[in-house]
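What follows is a group of structures, each given as structure tokens.
Shared between the two complexes below is subunit A, which has subunit B as its partner in the first and subunit C in the second.
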Partner chain A sequence: MTALVEVEGLRVSLPGPNGAVTIVDGLDFTVEEGEIFGIAGESGSGKTMSALAMLRLLPPRAIVEGRIVYQGRELLGLDPKAMRAVRGNEISMVFQDPMTSLHPMLTIGKSLTTQVRQHFGVSRAEARKRAVEMLAEVRIPDPEGSLASYPHQFSGGMRQRIAIASALMCRPRLLIADEPTTALDVTVQAGVIRLLERLQRENGLSVILITHDLGVMSTAADRLTVMYAGRIVESGTTRRVLQDPWHPYTQGLLGALPRPDRSDDKLVPIPGSPPTPAMLPSGCAFHPRCPKAVDRCRSEVPPLELISGDRIACVVATASGAIESKEVRS
Partner chain B sequence: MSLRSEASSAEAVTAGPGPSESRPSWYRRPLPRFVAGRFLASLVILFGITLISFMLTQAVPADPAVAALGQQATPAQLANYREVHGLDDPLVVQYVHYMKNLLHGNLGVSQQTHNSVMADLGSFVPATLELALLAMVMATVIGVGFGILAALYRDRWPDHVLRVVSLSGISVPVFWLALVLLYLFFYVWGLLPGGGRLDPSMTPPPHVTGMYTVDALLHGQWSVFVNALQHVILPSAVLAASSIGLLTRYTRSAVLDVIDQDYVRAARAQGLSERTVVFGYVLRAALPSVITVIGLLFANVLTGAVLVENIFAWPGIGRYGYQAASTLDLPAIMGVSLFVALVYLVVNFVVDLLYGVLDPRIRVT
Partner chain C sequence: MSSEANALELKDVEIVYQRRHRTPVRAVAGASIAVKPGQIVGLVGESGCGKSTLARAAVGLVAPSAGSVLFHGEPVKPLGLRSRPASLTGLQMVFQDPQSSLNPRRTVGSQLADALEIVRRTPRSGHPARVSELLEQVGLPASASSRYPHQFSGGQRQRIAIARALAADPTVMVLDEPLSALDASAQAQVANLLVRLCRDLDIGMLLISHDLAIVNQVADEVAVMYLGLIVEQGPTGELWRTPRHPYTEALIGAIPQADGEHSQPTVLPGEVPNPAAPPAGCRFHPRCPLAFDRCRTDAPPLLTVEPGRTQACWLQRADVPA
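So, the complex of A and B:
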């Protein structure tokens, strides 16, 4: 597999009253063609900011540094017009809340066709044909008739399907799905995730799946990156990260996950709450909440180390030697 | 549970609280039902207005007979007048009589012009309408434009400049602005005429709408059109000033309300041009609330041009109403108040309809 997009050293900072505040600090990851790549983390960990930075949709005052290379092109260096040609056309995005991400006063047909007509200059009839195809592909009943309907006539799950159809109208190669299931009922969530998987499988679509829900992540993502306070703390194959988490934060996230099959296990919340970007703790940002923190964690920012293909930013986990031995066993 | 996870039609359409099947078919379609409902409501309000305007004339501490015949009239003449006009009948009978006349388009005779009030309104309303329409075109184009600009450049210098401009427009007294503009454009520069609807040497165009500019265009009388336009520009501009200011403020806040919405961000994420994003998405969402304000301002301008019409010697409804009020010309006063009420009623009705057309969510409820 080849890399579709490579993100190197992505830094996002916003000017605040006391100088610039860094929201995302040195993000590196690669999305292969045709894979579902997961980014996990609590709210405020910089997931959404990174996604918006990739499409350059952050407000103009935001400072974005680093490199985002999409098929050999450096996105941060493109002029606005070239960037607009990438959006929707090559890289597209689905937002968290389908109640607000579709224009409430435009028909579904209008919402879906405008971009095709602008990107490809096709006729109205052709754009409508494409919209009907796409609505059928995301399993909207009566695609033809839905074109004249408005978003409020659909349920949340249906709206998210329509939003996904809208994002895929121009056949982009990469879809950034930012918490696409968070606002939906659990039973509807599975349908949306299955839809993303099918689109990936059948159309070779690459997906960046952003969610705080490790349950959703476990079924969908091929590889997974866990973020905390704007930095990557751990990444690897989803299987490995969820079955054998190295980082204490990932372990904590999994401990806080309800497991219906083991109802007698107590849920263990992670003590404390995530830091605000303006007041990051020294050293490892997780150390005030970490059960395994040692003195070094308070003073030293842990480097992101590459261990047998996976990455980990925790001096305790790396020093213990536990990682290598487990790796050998599996 | 494939029923829930894959698309089922039951999940697709959230059925509204549909009316019972016995109703006629048009009633079950949202938009006609919406229109019919609003229209019925307007009729009820109209009835209320006639009642209030009738009661008001009864409450005025003046004797219509004395007002009509003058102080020198003999008691016999007064009694005769009351007899002829049914002023001694019970109130209910008088009201029924008034309503009967009203339905026949009879509003009585103005004591001041000795024309029927209906005919007076017919000649004065178009003059005001011409003034108000041009004022609203100016206010809408400039005010909405300024508002969008201010919102897009929020807290930067264009926003600050437009804030000063709009607040000046709202707070400058109409008579002061009118006099300053007259002084500059008429007296100092001689660019525009000082008052009236046409130069005295001009013949008004044949009556179609009663608006000179429109009628002149309809008959291809180019020089009359230009002359009429020159006359209407200054009073319209003065009339528009406060509306421009208000619309700038309202549009700015309406645009700011929607500019950070997800669907605007989604539109950008689809790579739509900035023009489409601003006009097709942002302004489209802000439009219903802006339209409401435009409607109210239009009704205001149409019914509140008293000062401007007096300063510019514009023979419109404002001046007519002012003169009627100062001479206690009761039929004219009632006619003008009915007109004012009707304007607000019609404007609100139209705004409600537009609202329903512009925002599909309204039609459901």
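So, the complex of A and C:
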């Protein structure tokens, strides 16, 4: 596999009343061609900000540093016009709420055809044909007829599928899906996830899937990165991260999930709440909530270490030797 | 069980929304639910199935078109121009989004004091102490009272909304999707809080949610709703292990498991039909993998299949004469 996007040292800061606040602090990851790459974490961990930074959709006052290399091109250095040619065309995005991401006063047909006409200058009839194809692809019944309909005439699940169709109109190589199923019912969610997987399999689409739902992650993502307070705390194959989590935070997230096989009615949450970016704890940002924290965690920011292809930022987990010994066993 | 034992009882509630020049929508087409003190009853279903409408009717925010809502045996009067009778203050509601149900411009303490002022159970001088007590009950420090809602995380805000409902010393709380806007960890915290309040204070809770997994974890009883009708009801564990209705089965099957195995949840085909024009026969038949001829013509009644469990599906009721 070859890398489609390489993100190196991505930092996002926003000006605050008491100076700049760092929201995303040194993010590194690579998305391979044709893979579904997951970014997980609680709200406020910087998942969405990273995605918006990649597409340069943040307001000008946001300070974005680092490198985002998409097929040899450095996106942060592109001039606005060149960036516009990438955005929506080669990399496009699906947002959480399909009610707000589709224009309520434009017909589905208008919404879908505008960008493809803009990017490729194709004729109206051709754009229309493509819109019908895409709507059929995402399994909207009567794609021809729905072009004249407005977003409010569809259910939430259908609207999200239309938003995906719209994002795919220009045949992007990379789709960034930010919580695409969070606003949907579980029954509909399964359909949207399958759609993303089918597009990955059949069209070789790469997807960055951002979600806090580890169940959704488990069904769809090939590799998974877990973020906490603007940093990566752990990454690896979805199977390894979910079956044998190394970081106490990942362990805590998995422990908090309801499990059908657990009969007692007590869930095990992570104590406390995520910190606000303006007031990050010293050392490892997770230490105040961590059951395994030692003195070192309070003073030292744990480096993101590479261990047999997977990454982990926890001094306790790496020092214990538990990670290496597990690998010897398997 | 006699109806007196129920803290909240909804009997054959029907809610019809009238629309000008258009067919009325029967959002709830006859639903019965009972909540006993110290019991959590979960009400699950997809969006648009009428669960929130039913929840609003349970506290009197919507007037039922037929049927009755009883709070400790007393009919719940729909909210009107007059102030709510004092006897109903023990029936409280918590909404989905604490961001919009709390006033952003006032401190948490003053909003809780408001609630105390309205119910007038505590003398004014006792308010500060009671506010601290309420915050403590939901696991927040007393210092939270001088802060504003935006200074809290989503989970903490939901606790504040719960504390405000607790100010009225409720015996019944109706919670409309109190967990769905929260992250997994905050969700687990608030879910545990609800269970503890229910047990410690003997509060009956009607918990509305679209997430069967979390309801399975906290509720004692579950009612599954589809397009305005309850299709299955029973003790949580049994219903989860042996779902009798194909819809319940589909809801359980659609929950993705975080096991790292890429296991695929079952896709339930189709969409929830328009409640203004529900399908004939069983309302679920167009999406049901097991539907047969009878399902298309006759609506299955909600019948008791074994003590404490009811369900509405022809498949298990082949013995019942038409």
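Here, the second predicted complex is superposed on the first by the 324 of 330 C-alpha atoms of A that agree within 3 Å, B and C clash if a C-alpha of one lies under 4 Å from a C-alpha of the other, contacts with A are read in each partner's own complex, and residues count from 1 in each chain.
Here is the rule we use: a contact is a pair of C-beta atoms (placed from the backbone, for glycine too) under 8 Å apart; a residue touches a chain by one contact, two chains touch by 3 or more.
Keep in mind the model is a prediction, meaning the values are calculated, not measured.
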> Of the two partner chains, subunit B (first) and subunit C (second), which one does A:Gly157 touch, if any: first, second, both, or neither?
Replying inline: both
> Now for A:Pro274: first (subunit B), second (subunit C), both, or neither, which partner does it touch?
Replying inline: second
> Touching A:His119 in the superposition: subunit B (first), subunit C (second), both, neither?
Replying inline: first
>> By the touch definition at the top of the document, which applies to A:Val7: first (subunit B), second (subunit C), both, or neither?
In response: neither
> Given the touch rule stated above, what does A:Ala190 touch, subunit B (first), subunit C (second), both, or neither?
Replying inline: both
> Which partner does A:Leu253 contact after superposing on A: first (subunit B), second (subunit C), both, neither?
Replying inline: second
>> According to the stated criteria, A:Arg87 is in contact with first (subunit B), second (subunit C), both, or neither; which is it?
In response: first
> Can you pull the subunit A residues that subunit B and subunit C both touch?
Replying inline: 155, 157-158, 187-188, 190-191, 194
> What residues on subunit B touch subunit A, complex-wise?
Replying inline: 1, 4-9, 11-14, 261-263, 265-273, 276, 280-281, 284-285, 288, 358-361, 364
> Can you list the residues on subunit A that touch subunit C in the complex?
Replying inline: 42-44, 155-158, 185-191, 193-194, 212-220, 238-243, 252-254, 256-260, 262-263, 265-270, 273-274
> For the complex, which residues does subunit A have touching subunit B?
Replying inline: 55, 57, 84-89, 92-93, 95-97, 100-106, 114-115, 118-119, 138-142, 146, 150, 152-155, 157-158, 161, 163, 166-167, 169-170, 187-188, 190-191, 194
> Which of the residues in subunit C end up touching subunit A in this complex?
Replying inline: 46-48, 153-156, 183-189, 191-192, 195, 210-214, 216-218, 237, 240, 250-252, 254-268, 271-272
